[in-house]
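Only one structure is covered here, and it is reproduced in the block below.
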Amino acid sequence: MELVLVNLIDGLVTGLLLFMLSAGLTLIFSMMGVLNFAHASFYMLGAYFAYQISLYMGFWVGLLVAPIIVGIAGAGVERYGLRRVHQYGHVPELIFTFGLALLIEELVQFIWGKNQMPFDIPEVLNFTAFAIAGNSIPAYKIFMIFISVAIFIGLLFVLTKTRVGMIIQAALSYPRTVEALGHNVPLIFMGVFGVGTALAGVAGAIAGPVLGTFPGMAFVLGSIVFVTIVIGGLGSLWGALVASLLIGWITTFAKSYNIRMEDILNGIGISTPEYLDDNIFRDLWTITSPQIADILPYILMVLILIFRPYGLLGKRDA
Amino acid sequence: MNEQDQITTDPTKPAQRMRAGSMTISATPWIVAALVLIVLPMIFTNNSAITIMNQMAITIVFALAYNMLLGQGGMLSFGHAVYSGIGGFACMHIMNATEFFAVLPLPLLPIFGGLFGMGLAMIVGSFSTRSAGTVFAMISLGVGELIAASSIIIVAFFGGEEGISGDRTYSLPFFGIEFLKQIEVYYLISAWLMISTLLMYLFSRTPIGRMANAVRDNPERAEFLGYSARWVRFYSFIFSGFFAGIAGALFAINYEILTEENLNTTSSGVILLVTFLGGVGFFFGPILGAIVFTLVQTVLSLQTDLWAFYAGVLFVSTVMFFPGGLAGLIMMHVPAFKFGKARHLVLPYIRTLLPGLITILGLSALVEMIFHFRHAATGEDEMTLFWTTFDSHAVFPWIIAIVVTAAAFWITRRNVPGLVEAWHKANNFSGGRT
Amino acid sequence: MRKTKQLGVTTALALIIGSTTAFAENIKIAFIDPLSGPFAATGTNGLHQFEFAAETLVNAKGGVLDGQMFEVIGFDNKISPKESLIQLQVAIDQGVRYIVQGNSSGVANALTEAVDKHNKRNPDSRVLFLNYAAVDPALTNEKCNFWHFRFDANADIKMDALTDVIAANEGIKNVYVIGQDYSFGKAVAEAAEANLAAKRPDIQIVGNELHPIGKVKDFTPYARKIVGAETDAVITGNWGADMLGLGKSIIENGFTGPIYTYYAAGSGITAAFGEGGKGSIRLISEGQINPPPTEEAAAYYTAYKAKYPDGNVDQSRISNTIGMLAQAIQAAGTSTDVVAVASALEGMEYDSMWGTKVYMRPQDHQAIQNMHIAVHTNEGVTFDYDNSGFGVVAESTIEMAGMDSPTTCKMERP
Amino acid sequence: MNSSANSTPALAIENLHKSFGKAKIIRGVNLKIGKGERHAVIGPNGAGKSTLFNLITGRFPPTSGKVRLHGRDLAGLAPFQINRMGLSRSFQITNIFPKMSVFENVRCSLLWSKGYRYSFWNMVSRSQDLTDAADSILEQINLTARRDLPAGVLSYAEQRALEIGITIAGGANVIMLDEPTAGMSHSETDYIVELIRTVTEDKTLVMVEHDMGVVFGLADYISVLVYGEIIATGRPEEVRANPKVQEAYLGAALEAEH
């Protein structure tokens, strides 16, 4: 039972981290129709900027400043790159972000080299917050939860209580109408893109020390962020939250418990073949849940798309 | 930059006029292509050139197959490598089925690859082609990731990380040819390149091929013309899967090994970039893309470790400035040629592009120098660039590089208006371009 | 029109390829490993070590035979088997007769088969494949061939040596095995299980699992299971980001015992582990860095650091590869007849500056040498890694590890 | 209507309802349209004319009620299936294939009815019957001169003409036109009306139209749709004289007309 609680906390951390990325992405996607493939690259930039700043001014300044730089960079990309490509249609836009992701990875390697960066948890947070049945919960994880929740509340507040938020909300559901109402849509786009990428930057800055700061970190996270927003439903902030947590918990529990395919198959009445080693399906029989934990979200996404194309909480068709 | 906008934003319009006009199938380009393919290995006799040409041919078939979806059917796939990979893996298993392979002439093997690619496309297409757009794209991503991931887990079929390998020479000799030599493989691949390209071209001229375009542009209208958009997409999808499978089979024949990389999302992403770089709006676009990308990946990477950086810049700038791809860039000159005004462009082009080229080379020289300065071993200050050896830690080479680049850039900027004017002059038959 | 374009482009291609075939006299060694992409750090560092070894051990001493120099040419294979095969062909066309490669057993498998086929089909331009780091046992067992030589111990030999050390440690009662879900990770797990069962039947394997390779973002759940299993030691074959992620996570979640592994040093990993990994991370590898085994080794390392301040000599086998190749060419009296060179390599005994004898076993072309268990620490470190103050210090040595290890190789000689 | 009393009507609508959420847009429409009839549906804005159209052509599923084409129930059929049964429609907002040439637009709309279906063994350019048929339709809609231009560059009226061409090309015997003259100048309207008259010869025509001149010039019968219900159906003069219609709709419009 205690282990369940521990897993819930671990899954929550993973899920909330994913949420910080998917929140920005879902906003960007639903407003601009852009599948921003470079989103995870901004997350990586956040980690690297935070690391670089932390070398001179400490972790906290890094955490504060890096997302701002990332956001400005993101807004710049929108203003000088995406806006230009926008006129050609969605596919070129997407390919633009695709190429951008490659380019950012190369740039990062060019500037910081190809090695892992020794980006570490700050000393003040490097202790065990509490322990559940011998499983220590590091203080940094609690810190991550707090930051993510604070950002979610802040985002919710801005979106539901402020004028800008109202416009963005409207733009999520009726992108064309908002334009017709005379709002400076390009400026809103740039702002949303900047904020979205800044959120990814925050995620990078706080995840860099725990998940590693290296040139491949964007690729590792890359497509899973899309999976999240598609499962959650495009344009739905709550959907992004639900899907992020769902994925966080599914993968955590799948890793924690050794559920074996053989047991499942036996359970539904298929008996194990006698000569498993020669059986062509032997690899299927021996699959265990930790083995496929990080693939499960993709299965979930395909199923969702087949049976509920607008996602869990989405209103619009994907 | 504004001036350049005008040159580049609507390259497709005159080209479309062309395309609409020339619907008859002319045999000349095909004969020329076949001749070129026959003659090429006589010019480039060394094995590495042949290997690279084989790689190009395989990429061309794959990119054309991909463009059946993206360019002609309007379906964006993030997981198309799996269809080519499955075809390749199936062929590899056939190669290893010694008894069957011994009575099968190698040139027939790609048919099996195509059928397996098509088979998988039928299964996946049965649920993924219900709609185009994001749903299709995300299903393709999900399925692609799943199959790529299972390629490592399901060792019995995919062979795990090492993949599976075979020996093409165990097939039934084909008129005495055992395919021991690269050159023999080259002609086999070239033959299939011609066959597949011709078939894919002809496909685009069939009723279903035309309707693929119609569904891409306006699925609803197509439905009210009696066609089910879903079935049209499905047919495009399985034919694309078929030719992707052929590309996979050619890969199997050429490399005699298939691994996880034939299925993974990186390969799927690369083929998307290749196709787009060449230009999705034209049938021959992916051919150009495949040639250029293979050269960048294989030949440029021999020259510099930063090749991926240049490739990234190339892609991003193609998308930003030439959304029609390389083919679009070429085709926007067709009207000028047609109206016999192309000669007006020659001089302005030289005036602009020459310094432009120097600017680009100068910039890349600076990038290389920074890279060398930062990463070269201590004491190894010498670097060779453009056949010149110099000290990257001295000031002088930097000054030269910066001055040359800046000067070339300045000249380029100065000559751009002249080029724009010449461009308008060469194209003013249409009267008042927008 | 498009075909004429193709013609022009391939003319350029021929020029470029031709232009790199400049020097004729040198003995060319093609280094085919990733120089771009996620594994570029390891690849670039390996290339530097090869260049340095060729320069220091061969060229500075006047070369081999009548003054022929070694020239190491880097080919970027982007860790892709397909690209490796293309680059192999390009290398052969440039007159290369010696191929070195190490990263990824998948690539090594592709290369060894391609080299075998190439040598069969083109007897005039045969090449040797000197594998300096790919440890899949199959390469010197069922997939062995005359052209392939391995200078690193294979995964089985390493595990044999590693379990010797574990078996000698009475305090270890429970062991947890975890690895990446692919051939190498599985081979490590199987070897660990088999060896421990034979040497210390009382040791209980409390966990044995695989995780997807390169896809895990958060290792915490795995770490929790390991900590929860109350194990005394962890064995893993992980490398790269997966090693770092797993190791850090295990330690952060309160595990204090030893983590036995293969690849957890250099390429930024030592620096990233830093203080946290101190005393926990234990590596099995050939070549002793700390304390420096010989003065020659110390001088070699110092010279290397002077040239590449950001680099590490983390693969001492690279200098063995170059040294043994030079010795074999010298003994064969030719650098072009690779059959003679290969024959000279078979059964060679080489005195390495890293304080070991290296014996190239003729049955399977597997190098036999001393293996060490080294611990990640900052105490007693003469040569640190990643300029972090941390490095690996040898704790125990297994003499000529795997000397009588069995092999299924049936070597076919030309 | 009377003329076709014995045979099954081309189109029969029985007690059709459609709601979007709580809003009832179509509230029990009954209508029979005989073979060869030219039938116009008119009504004020928001009366549900386009919705009715979309229900008939299978674009939306009805909430309840039936639509029969030549006596066959259309319930649950997809647009393409309805089209294959001989019903073809145009759209209020121009709906063509803008990137294809004018000729190809027409040719694509011929493919199914000419029996080419999903074939991948025929070359469209080799099929002389297709080319001839497409060219003759271009002739009919007066766009021969524009044959090889991308459809997207045509003028608005030409695009509307092309749309009608596409709609009739498939050889359907029931043609439905959704505001074919919307947004046109007088001369353009005359051109389109003439065009419709010739191309729908011997076919059943159902149209929604605002322009009363067009309606009274073309239609044999008129139905008036107000708030989702048909308040009157009949010959133009009957409808014109119907007091309910005058009250609800026509009055103002007719006054403006004269």
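Note that the chains are named A, B, C and D in the order they appear, and that numbering of residues resets to 1 at the start of each chain.
The definition used in the following text is that a residue touches a chain if its C-beta (ideal position, glycine included) is under 8 Å from a C-beta of that chain, and two chains touch if they have at least 3 such contacts.
Composition by chain, UniProt nomenclature: A, B = Branched-chain amino acid ABC transporter permease; C = Branched-chain amino acid ABC transporter substrate-binding protein; D = ABC transporter ATP-binding protein.
Keep in mind the model is a prediction, meaning the values are calculated, not measured.
Chemist: Please identify the chain with the largest separation between its CA centroid and the CA centroid of chain B.
Modeler: Farthest from chain B by mean C-alpha position: D.
Chemist: Tell me which of B-C and B-D has more C-beta pairs in contact.
Modeler: Per the contact counts, B-C leads.
Chemist: When the mean CA coordinate of each chain is compared with the mean CA coordinate of the whole protein, which chain is closest?
Modeler: Located nearest the centre of all protein C-alpha atoms is chain B.
Chemist: Suppose each chain is reduced to the average of its Cα coordinates; what separation in Å results between chain B and chain C?
Modeler: 35
Chemist: At what distance in angstrom does the C-alpha mean of chain D lie from that of chain B?
Modeler: Roughly 44 Å, centre to centre.
Chemist: Determine the centre-to-centre distance between chain A and chain B, using the mean Cα coordinates as centres, and give it in whole Å.
Modeler: Inter-chain centre distance comes to 31 Å.
Chemist: In angstrom, rounded to a whole number, how far apart do the mean CA points of chain A and chain D lie?
Modeler: Measuring from centre to centre gives 49 Å for this pair.
Chemist: Spell out, as numbers or ranges, the residues of chain D touching 2 or more other chains.
Modeler: In chain D, no residue touches at least two other chains, as defined above.
Chemist: In chain A, which residues are in touch with two or more of the other chains?
Modeler: Those would be 113, 291-292, 295.
Chemist: Spell out, as numbers or ranges, the residues of chain B touching 2 or more other chains.
Modeler: Each of 149, 153, 155, 306, 308 in chain B touches at least two other chains.
Chemist: Name the touching chain pairs, would you?
Modeler: So, checking each combination of chains, I get A-B, A-C, B-C, B-D as the touching pairs.
Chemist: Using the touch rule from the top, collect the residues of chain B that touch chain D in their complex.
Modeler: These residues of chain B touch chain D: 13, 16-17, 20-21, 23-25, 202-203, 205-211, 213-214, 217-218, 220-229, 231-232, 235, 239.
Chemist: So in the complex, the part of chain C that touches chain A is made up of which residues?
Modeler: 38, 40-41, 44, 181, 209-212, 214-218, 220-222, 224-225, 227-228, 241, 244-245, 248, 252-254, 267-269, 271-272, 274, 310, 386, 388
Chemist: Quick one: in the complex, what on chain B touches chain C?
Modeler: Touching chain C: residues 29, 32-33, 36-37, 40, 43-44, 46-49, 51-53, 55, 149, 152-153, 155, 160-163, 165, 167, 169, 180-182, 251, 255-257, 259-262, 284, 287-288, 291-292, 295, 297-299, 301-303, 305-308, 330, 377-380 of chain B.
Chemist: Mind pulling up the chain B residues that touch chain A in the complex?
Modeler: 9, 70, 76, 78, 127, 131, 133-135, 137-139, 141-143, 145-146, 149, 153-157, 265, 269, 272-273, 276, 280, 306, 308-309, 311-313, 315-316, 319-320, 323, 367, 371, 375
Chemist: Residue numbers of chain A touching chain B in their complex, please.
Modeler: Interface residues on chain A, with respect to chain B: 35, 81, 84-85, 87-88, 91-92, 94-96, 98-100, 102-103, 105-107, 110, 113, 223, 226-227, 230, 234, 280-284, 287, 291-292, 295, 298-299, 301-302, 305-306, 309, 317-318.
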